[in-house]
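Read through the structures below before going on.
Okay, so chain A shows up in both of these, paired with chain B first and chain C after.
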Partner chain A sequence: MPQKGEEKERLPERRMEENKAMKKRKINHIIWGICMAAASLFMLAPVLMMFLTSFKSIDEIRTAAFHLFPRAVSVKNYVEAMTSGGWLVYFRNSLVITLAAVIFSLLFNTIAGYAFARLNFRGSKILFLLLMIGLMMPPQVTMLPTFLIMAKFPLVGGNNIFGAGGTGFINTYAGLVIPLVAGSYGVFLSKQFYENFPRALDEAAEIDGANKWKVYFTIYLPNSKSLLATLGLMKAVAVWNDYLWPLVMTNSESKKTVQLALTMFKTDGYTQWNYLMAAAVLIVIPMIVLFLCAQKYFVQGIVTSGLK
Partner chain B sequence: MNKNPGRKKPEERYDRCAYAMIFPAYFIFAVFILIPIAVVIYYSITNFNLYSAPQFVGLKNYRNLFTDGDFLTGIKNTLVYTVLTLFPQLALGLLVAVMLYRKSKLIPVFRTAFYLPNVMSMVCMSMVWLWIYDPAYGLLNALLKMFGCSTKQWLQDPNMAMLCVVIMSIWKSCGYSMVIFLSGLTSIPGSLYEAASLDGAGPIRKFTSITWPMLRPTTFFLLVTGIVNSFSVFEQINIMTGGGPLNRTTTVVHQIYRRAFLEFKMGYASAMSVILLLFSIVITALIFRFGSQGQDVEVA
Partner chain C sequence: MKRKFVRLLMVFVACAAALSLTACGGNGTEELVSEADGNDEDGKIRLVFLRAGTEPERRDYWNSVIGRFEEENPDFEIEYQEAPWGDDFETKLNTGFASGTAPDVICFSMASMGTRVPLGQYAPLDEYVENWDGKEDFMENALTLGSVNGSLYGIAVFPDPRMLIYNKEMFEAAGLDPDAPPTNWKELLAAHEALVEKDGDTVVQTGFAMPSSGSNMQQYYSIFIEQNGVKNLVDEDDDTVLVNTPEAVEAAEFMKLIKDAGTIQWDCSTVDQNPFGMGLAAMTIGNDQDFKNMNQGDLEGKIAMASPVTGTKQATFCGVTFLFLSGETKHPEESWKFMEYLSSKDEMWTRYEEIGATPLRESLKEDFIAQDPQKNSVIYESINCGTGSPKVAYSNSVYNIVNSAMEEIMYDAKSPEDAMNDAAKKIQEEIDSQ
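Up next, the complex of A and B:
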């Protein structure tokens, strides 16, 4: 009982101290918030400038007097930029390539990651290590031979059985998509992710007589939302934004992607900044929307796959 | 598959279906990464030019490479770019990650702001920065003028061009390091920090004794992937400078692209690719050798 009394006496004192500490923490938090907000603004400044500039007329851009905001907001640049070429085709091409690459790479790489994480088979260690070469090598090393393999693929695009005579996979969707489905990174991330899965689940399924395929498709796949979001987002961003491979693989208008098309506005002598910025905004919007939708899972996916 | 109720040790049972499961991924990997490595090595000792059959020329391509001023400049520029981009980008990513590792409702907003440049295409962002750096109508010179400073030529100045590309690249990629570092931070047990607090450690001591050592595998991963990415720098170069002025920003991949797809010297460009491959392997091996001392690194 006397102890309780003592505590009661000390309470106001302690509360004041706590109050002080809380105030200090609050002030710290506000300072932190302001610093981070300033840094964020700095990071987003070029993007905001792109957006603002996309509404300016070319005369407004090519003037010595700089204004932050456009004089008048009009979508003229957007309309004119989009009607200045086959932009519908370019967007469709990019969309088709991205969707196909994402779907196939998710399917192929996660199932391979599951096999490496959970199944025992002869040579699994060596096969996995070999696969990791892809992580340690710039993809451009194999760009040239991959191009030649695609161009000389037998029995495709007018090629005969020896791969001569035609153009192979050049200027085809398949040529743009197939090499991009390869993903050491995807297999690696999936393996990490599935290794952290509770084993009890598939043991239960095995007792029920389910085979590994069924285990994967009914237990693992439905529970890998964050993995799929992470890998899907990374692949979508990589493919949609890719520039070098379409540059190498295509030379026709009909298979041009949006990234290639954007460079049309920049010629040696004169750059149409107004159209360029408008088109750039339209090109980055899909990826921004995708990121905002997937970001909850995305960060979670990186954390749970123990990527470190 | 395993109907055998007498449970054997996991090592003893083999899952045959595993081969079928890894087949699609492995097939594409083999056809588009493994076989091309062999092909590129083969072409590097020929004079292949896309139109006539390749003829064996021995090591002539490699001998020529070491007297090719453009290529040597490309190697030098690539190394300069790697050093100047990678370390600031990692440092900045780590700083922001540590700053963002706390509880607040604003975290997703800030995280998004820092990561956003990373999801936007390098082509678009190169174009935007091209405008920012534009000597006549660009944002930077406009700001300089506003504050009464003399304007600069930025990308057209041979001494500044590489630095301009580097700054843009750091801006573009530091968000990626930030996200990976953040995931590394969340895997550090909070009890370590509590124990350090009880021992009276300050924030700096906590960072040097707990955060930094615990983040070692994360840093290691980012270093390896970062080097691979930096060695393959091409898009921003091709769009912002085209390798100029005076070849000051040309890189290895830019040289490969020019020789292979503009001049069709496939054999010669293959030799360049092989050099790039060797560089990546050597440097990655060095990092593995010296970067993971005594650490149980699971990257590969």
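Up next, the complex of A and C:
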């Protein structure tokens, strides 16, 4: 046993050691911070370039000497880009499609996820396996069959009962939204999330006489904020940025989305970078705002679903 | 009650999905029912016109010409559609043809003929052109470029020839006559050497902006080999590979000579990287649109356009956007009527006035040249001596192979002869696998 005097003598040593450890932690913290800042800068560099280029004139962009910052800040590019073409219509279309796809996909994906997580029904494992196969299927593979189903849908867009004679869902909001409302990833994420819920909740609700729908709508759904934020954000970004599906499904200005509209600044071999960058900045703003609003829940949702 | 409704709804959705799936299975179901004839309830003939490109100015032009056509032909209703150039347009067309919703009239590139003509997606126009009064007046080379195996498939609408663009101010500074651009290879090389400026080993100004890489290297190569008497990269009539003929290799060696005399490396996939546009090169190859775009800012008023140079003959690359009649249209006669209207003398002139498209009728030549004698005569000359992409199904593979070979030459990885012999082997393999 050390004596009291010895302890007193060792106290400054301990403090020194503690101070050293604290210093080390601080240094590690600073190094880690610098690394993260560098990584963030690396990730943000293209966005920063886009933002800065959006203020440059086309002559300034084309010049041989590269300057990161514009010579003079002017919103001319923004004004001219937004006045070429019906951008209000393009933004409205993207907004309508994204909102509809997000709302319906949240509903269908969470219901399906709940069913896979909580309902015991015959063939659930095979069905889930089939769903997982869908995860591995690139969208380019399913694009043409989906397009055909949409084009040949009976009794829609002038089609007869056999799906012939008209254009089906082509060039309609429904045609743009329907194929996006359900997805393997969303169902998988929901299933993982709901499996973490205590079964006692279901049992208590059943004792109180609630059926499965009521359990889902009154217990599961209200407690799924982080899941809904995660799924909603991912779907919103995917739909807002989607280019290929609107390209094949739409054929008029009235249904054009913002991503399709960007191509107006690019001709065969020549790009109006100043306008393209200005329009791109405006297009990413809604997604950045959405991410900032849902960021807290988004991270939580990913963690609680067991996905990293 | 609720449950019954849900069940009924589910049965309806399942039936609809099943019917739509069966309808996708080709013509089987469609044969059981009468297809709509493309006419609206009011008896109007409804045609779909799809064009490559999404530029607002051209969209405005197409909408106005459609308006004029509908006004003159009240029985017609033309639906205008557009899609971006390149793979996006191919995707759009592919889905249209696969689903039976292909447009009636298509405005697209010459290269597309190589794949779409053999598939029957573009219809031959010979029977319509036979009685067309515009045939005799149309520029002969424009009709030739729109033909495959002697049959006409495309009516040229936007010619896009490549010409020599040069910087007069730089010529003057180098002691060259700004009004006498090079006319042949010898003069081109001499002017190039006179214009190169170096800071130590670094080239700070070049004469001819020879690219070192990029997806359009094949265009540069085809220009030089054709100027040396070679028909094209491949002979589309009998699938003979021509990239490694002695004349073609000689052209590759000439391009390498220019490079070795001093060039600024650039990727020719996009025009934006061209050192000419940055004031670092005195000569380049470009089209009318490139000239307009470059003749702005610091270069405004300093640049001029000249005829393509001559090796053993005058030649250049001339891309053309054509009007094609869909092989699946239910209204071929009516679609031709629309195409005929677009190719009429008046409409061609309006197109020139509104969006600067070169008119392709001989009867408009004088008026066109009178608008800008120096520039427009060069454009006409270039269209007349221009050759386009080989109209073969494997053209994309040819481009990729030639692009790689040119890159190997420019970066000294292989000699021109070896690079082109290897390229020829690869192209032959591609042809054999067709």
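Everything below uses one rule, namely that the second predicted complex is superposed on the first by the 297 of 308 C-alpha atoms of A that agree within 3 Å, B and C clash if a C-alpha of one lies under 4 Å from a C-alpha of the other, contacts with A are read in each partner's own complex, and residues count from 1 in each chain.
Everything that follows uses one rule, which is that a residue touches a chain if its C-beta (ideal position, glycine included) is under 8 Å from a C-beta of that chain, and two chains touch if they have at least 3 such contacts.
None of the values given here were measured: they were computed from a predicted structure.
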{"item": "Overlay on chain A: chain C relative to chain B, clash or fit", "value": "clash"}
{"item": "Which of chain B and chain C A:Thr267 touches, first, second, both or neither", "value": "second"}
{"item": "Chain B versus chain C as contact partner of A:Asn160, first or second or both or neither", "value": "second"}
{"item": "Touching partner for A:Ser84 - first (chain B), second (chain C), both, neither", "value": "second"}
{"item": "Touching partner for A:Pro198 - first (chain B), second (chain C), both, neither", "value": "neither"}
{"item": "Partner chain(s) touched by A:Pro12 [first = chain B, second = chain C, both, neither]", "value": "neither"}
{"item": "Partner chain(s) touched by A:Ile170 [first = chain B, second = chain C, both, neither]", "value": "second"}
{"item": "Chain B versus chain C as contact partner of A:Phe121, first or second or both or neither", "value": "first"}
{"item": "Chain B versus chain C as contact partner of A:Pro222, first or second or both or neither", "value": "neither"}
{"item": "Of chain B and chain C, the chain that contacts the larger number of chain A residues", "value": "B"}
{"item": "Overlapping segment of chain B (options 165-173, 255-263 or 273-281) - the one that collides with chain C in the superposed model", "value": "255-263"}
{"item": "Residues of chain A contacting chain B in one complex and chain C in the other", "value": "61-64, 143-145, 147-149, 244, 247-248, 263, 266, 271, 273"}
{"item": "In the complex, chain A residues that touch chain B", "value": "29, 32-33, 35-37, 39-41, 43-44, 46-47, 49-50, 53, 61-64, 66, 107-109, 111-112, 114-116, 119-122, 124, 127-149, 178-179, 181-184, 186-188, 192, 206, 209, 211-213, 216, 233, 237, 240-241, 243-244, 247-248, 259, 262-263, 266, 271, 273, 276-277, 280, 283-284, 287-288, 290-292, 295, 299, 302-303, 306-308"}
{"item": "In the complex with chain A, residue positions of chain C that touch it", "value": "16-17, 19-24, 29-30, 32-36, 48, 50, 52-56, 79-81, 83-86, 88, 91-92, 94-95, 98-101, 216, 270-272, 275, 277-280, 289-290, 293, 296-298"}
{"item": "Contact set on chain B toward chain A in their complex", "value": "1-3, 10-11, 13-19, 21-22, 24-26, 28-29, 31-37, 39-40, 43, 96, 99-100, 102, 104, 106, 108-125, 127-132, 136-137, 139, 142-143, 145-146, 171, 175, 179-180, 182-184, 186-187, 215, 217-218, 221, 224-225, 228-229, 231-232, 234-235, 238-239, 253, 256-257, 260-261, 266, 269-270, 273-274, 276-277, 280-281, 284, 298-300"}
{"item": "Partner chain C, residues of chain A touching it in the complex", "value": "58-59, 61-64, 84-85, 143-145, 147-149, 151-155, 158-168, 170, 244, 247-248, 251-252, 260, 263-264, 266-271, 273"}
